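A, B and C label the chains in the order they appear, each numbered from 1.
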Amino acid sequence: MIAESHPAGEPTVARAQEWGKMWFRFRQSSLSVAGLGIVVAIVFCAVFAPVLAPHPRHAGSFVDFENSLRPPSLKNPLGTDDAGRDILSRMLFGARISVSLSVIVLGIAVAVGIPLGLIAGYWGGRLGDAIMRVTDVFLAVPPIALALAVTAALRPNLTNAMIAIAFAWWPWYTRLVYGQVLSLKEEQFVEASRGLGAGPLRIAFREILPNAWSTILIKVTLDMGFVILTASGLSFLGLGAQPPTAEWGTMIAEGRIYLPGYWWAATFPGLAIFMTVLGFNLLGDGLRDVFDVHIEQWQAGS
Amino acid sequence: MGFRTYVLRRILHMIPVMVGLSILIFVISRVMPGDPVRLALGPEANIEQIEQLRRLMGLDKPVHMQYISYVAGVFRGDFGYSLLTRRAVAQDLKDFFPATFELTTLAMILSILLGVPLGVRAAVRKDSLEDHLNRVVALAGVALPRFWLAILLQLAFAYHLGLLPTIGRGPAPASQITGLYLLDSLLTLDFNAFIVSLKHIAMPAFALSVGTLAQIMRLIRASMIEEMRRDHALAARSYGLPSNLIIYRYLLKNAFTSTLTIIGLSYGFLLGNAFLVERVFAWPGMAFYGVDTLLAKDFNGVIAVTLVVGVAYAVTNLLVDILYGFIDPRIRYGEG
Amino acid sequence: MIRQRHLATALAAIVAVALIALPASVSSQVREVPFTHIEQQIITAIDPAGAVDESSMHSAINLYDPLLYPNVEKGTMEPRPHLAESWTISPDGKTYTFKIRRGVKFHSGREMTAEDVAFTMDRVLRIKRGFFWVWAPVLEPGSAKAVDPYTVRFQLKEAYAPFLGTMLLLFVMDKDLIMANLRPGPHGEFGDYGASLLERQDAGSGPYRMEKWERATEMVMARFDAYWRGWKPGQITKVFYKTVVEEATVKTLIISGQADMVNQWLSPPSFLELKQVPGIVVKEDPSVQLFHLLMNTKKPPLDNLKVRQAISHAFNYDIAIQQIFVGATKAKGPVPVKVPGWNPSIVTFGRNVARAKQLLSEAGFKPGDITIEYLWITGVPMERLIGLLLKSNLEEIGIKTEILGEPWGRVVERAAKAETTPHITAIFDTLKYPHVDSHTYGMYHPSCWGTFRCMSFYENPAVTKVLEQARRSVDTTEQLKLYKEAQALIVKDAPSIYIANPLHRIAFRDYVKGYRYVGLLGFDTAFYDFTVAK
């Protein structure tokens, strides 16, 4: 609505300037930049894993028991696991799995949670009440407890772990968007477009939603790490990815029995999760400062 | 709206949520593949025995009837029969809940006691090296897989340093009143037992608390910075009050009020993480039991644990709100 | 004021407790010998009629006495006198008469009699849990009768070769105690048959009394002073039997000295690690365990003998034995090589990839046609590694493998039907009673279908016939000949990939003496046998 009222060229320039300002503010905090760096590095690893990994076959069905549990060396910079596979190579491929796992889970959570939040917030009424009541039910237990109950009902594997986590995750987005809609609903620009005869669908998706994006984006960024943490918790209990999948949580779960003697098997995948969660958190904090948004990121469990 | 009406309304609001939760978990447990009765009876059971136990547990009735009789049972304090432990689930909960309650409560206290001062320091020295360090350490607390941290703590404190016992709750104090070992040993003035219990609970409570600690620290830091920007802090400083006094008398009280709001939620997450931490420390609590019932597909156990977690979580939030009202009487109980 | 009164009450309570406790500790001259044992699986039942897993067997062996006992002194599993001093068997092999030892006291203080033995047998047969399946083919309630207070007679429906061995599993219970504590339950006049009583205490005559049982984490057992075999200094007076799931934690406990002994389920690398630690003994014995991968012969394409043979030829046995088990005997058929009655002339499959490929194409399959599911038990890391090896071996002959780990309970459950049972399941199978029958009839007679031991769903009328003959035969030489014949026939049909009789490893502190490997489920952890010399 606002964009349409301007001549074609101007908003692009204005937006570029806006972005420039934000980037400047973002750069003020070295921690935020560090977070961005970590996230970029992880995504880079995920994309180029086949090229970067010294032994790409080790992420698959390759085994070499003669070389099991070797300490870090030139050949295997981070040592080998109990099946003689190169831990570094598996960690690089693990970045693919962990990042895509997070993206998929949050994709589902956003796709389900946001429309429901919009409907509940904008239309309200009996339907809205019903949606929020259901959301309350899902929010009544910590996500990992709910995800655990769901995985127990399914066959343990990566796909089902994703389904279970998404099942426990969407209500947080419904609640977030619901709150946003309630506060934006009475804003002038919404009133204005309502006055101009815009339909409720248009208002909800074209006016309210774009103004909630920054909040949602920050939450998604922060959640990226928490989803990986939750997945690793499921893997720890044997309810996550199955061998030979090189998922970080599964790698820790498989390697942890060899602590303390063969410490590298669980420590490096643990560090990978740690760095990833740290990176996304720093980035999320940075974005929060830039957009000057207050959301309480206390819900995401690990 | 009066305070009492408000509390009453909150409690009433809990009812549909708990009913919904029980239906949700009930449905999930009934779609679990396979046959928990067969699981419970063991590898050698025959069809006749399986049918017998099935009837005994009412599993031959339609699902909605099963649900109704389950709910009726809950109101009598009967959560059904656990296929895992082969006794009443209510008895299991009675045995396991105190351990989890003690652990999560201590973890909460620990988070507040450490998180608040750290947050204040970080805020006062905003953008200093110490502040950055604090923030990174705090984030690290959030970012560590909890079970991994638990194992690392064991290796450090039990294995390398030999300071703390690796697992368990230790021996129960001679007389049990509440089932909380720390409290019981204090009440009976059994200081030896208190120290033993404290040594056992130290590591699991710390492993559990790090995430919450970090969150409290971050929140305190943020709200302190905001408070300091506000006028009254400036005014107080201009009156020449010593700065420590300002920090603690005026700023912290306000900052703490906002922290209180997240304590309810954090408690839920402590409960969630307990599912992983109790396992590593062989802590005989409800979360440990919960995971076991889950793996054994002992659905009566799963439903009961989930409901208790839900209620504990809801009650904590309610208590926090009530407390909130005492600390900050400006809050009006209208929107809830 | 109120607070002060509470304080006074508390103080009074402390004084009272101290007064009660003090004389007791002064009067007892026994030096306490505490002992901490770590197990990675929970005790599911202390009712010996419900015990089938190793941890529950541990509780039964220490809290109760079986009628007969394995001859551990001679290092064999052969039954020797225990609660029964002697026995006679009728020539037709259908009547067993046992003379009961006099002066054996239950923990209640009452003397054990033949009545209790008959009661125990009836109870197992009515409850139909635990090891009841061992007796169900030949006994029914009432088959065991007390002839006089010290004589009990079992009347079998037909001759039953392993019968004497099964008496190691009959843990005699205190009839009066159970009958005095019945609660309503599903067993008619017997109500719950003592189930609720056995939640709180044991009903045995064994060397230890159950003092405390915190489910899933700890059982405390204390010396039973009036135990009939008597006590010597240095024997363990108090057992802390703890359940700890995490392997790293288990190692920490024994290395730091918080535990005196840890169970056999640690991985080989962990035992290697413990071997390096001064003060810890890792005892290794050739086991009478069988580790095999059961192939579901009712599930296509494994219903095709050639496919099963191909898979048996594709597997790399040497790597499994040397590098995953780090020392083991290659399994030669279903019967562990140390068990009397094992057939040494069996020819087993060896790795031969070319032959495997040929068999597969003879069966009409092209590479890529077959995908199979491999099931392993979470918590047994070796089975995961075997799965990885199998996957990589089968890839060489063009078979795809999906590896799936599930908890033990779920494995048992999937075993119920051939349709739900996966293509291949990894199982460690310990001898259930000291007889070759356990690993032949118990695994390959169709009557066992539905249990985890029979996930092959094997059926060969010729084998069934030989097994039935063997069980019924009274002549020992004839009996063993038949069991050997059955083994040879079974192996030809390739219902399993027979991998290893692994080494049995257990770790304890070096001051623990008297440990011996027995081979029967749970019998090596009889705390009465141990002494501590610190």
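Simple rule for what comes next: contacts are C-beta pairs under 8 Å (C-beta built on N, C-alpha and C of every residue); 3 or more make two chains touch, one makes a residue touch a chain.
From a predicted model like this one, the values you see are computed outputs, not experimental measurements.
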| item | value |
| --- | --- |
| By mean Cα position, the chain sitting nearest the middle | B |
| Furthest chain, CA centroid comparison against chain A | C |
| Approximate Å spacing (C-alpha centroids) for the pair chain A, chain C | 46 |
| Inter-centroid spacing, chain B versus chain A (mean Cα positions, whole Å) | 24 |
| Between chain C and chain B, distance of the C-alpha-averaged centres to the nearest whole Å | 38 |
| Shared interface positions of chain A, touching two or more other chains | 155, 238, 256, 259-260 |
| Of all residues in chain C, the ones touching two or more other chains | 246, 248, 252, 407 |
| Touching two or more other chains - residues of chain B | 151, 155, 159, 279, 295, 297 |
| Chain A - residues contacting chain B, complex | 30-31, 133-134, 136-138, 140-146, 148-150, 152-155, 225, 229, 232-233, 236-238, 249, 252, 256, 259-260, 266, 270, 273-278, 281-282, 296, 298-299, 301-302 |
| Chain C residues touching chain B - in the complex, by the definition given at the top | 10-11, 13-14, 17, 42, 44-45, 50, 52, 128-133, 186, 195-196, 199, 214-218, 242-246, 248-249, 252-253, 255-256, 258, 407, 409-410, 412-416, 420, 451-453 |
| Chain C partner contacts - residues on chain A that touch it in the complex | 61-63, 65-66, 68-69, 82-83, 155-157, 238, 242-244, 254, 256-262 |
| Interfacial residue positions of chain C with respect to chain A in the complex | 246-248, 251-252, 266-267, 269-270, 273, 319, 323-324, 378-379, 381, 384-385, 387-389, 391-392, 395, 401-407 |
| Partner chain C, residues of chain B touching it in the complex | 34-36, 38-39, 41-46, 48-49, 52, 56, 84-87, 92, 95, 151, 154-155, 158-159, 162, 165-169, 174-175, 187-190, 279-284, 288-289, 292, 295-297 |
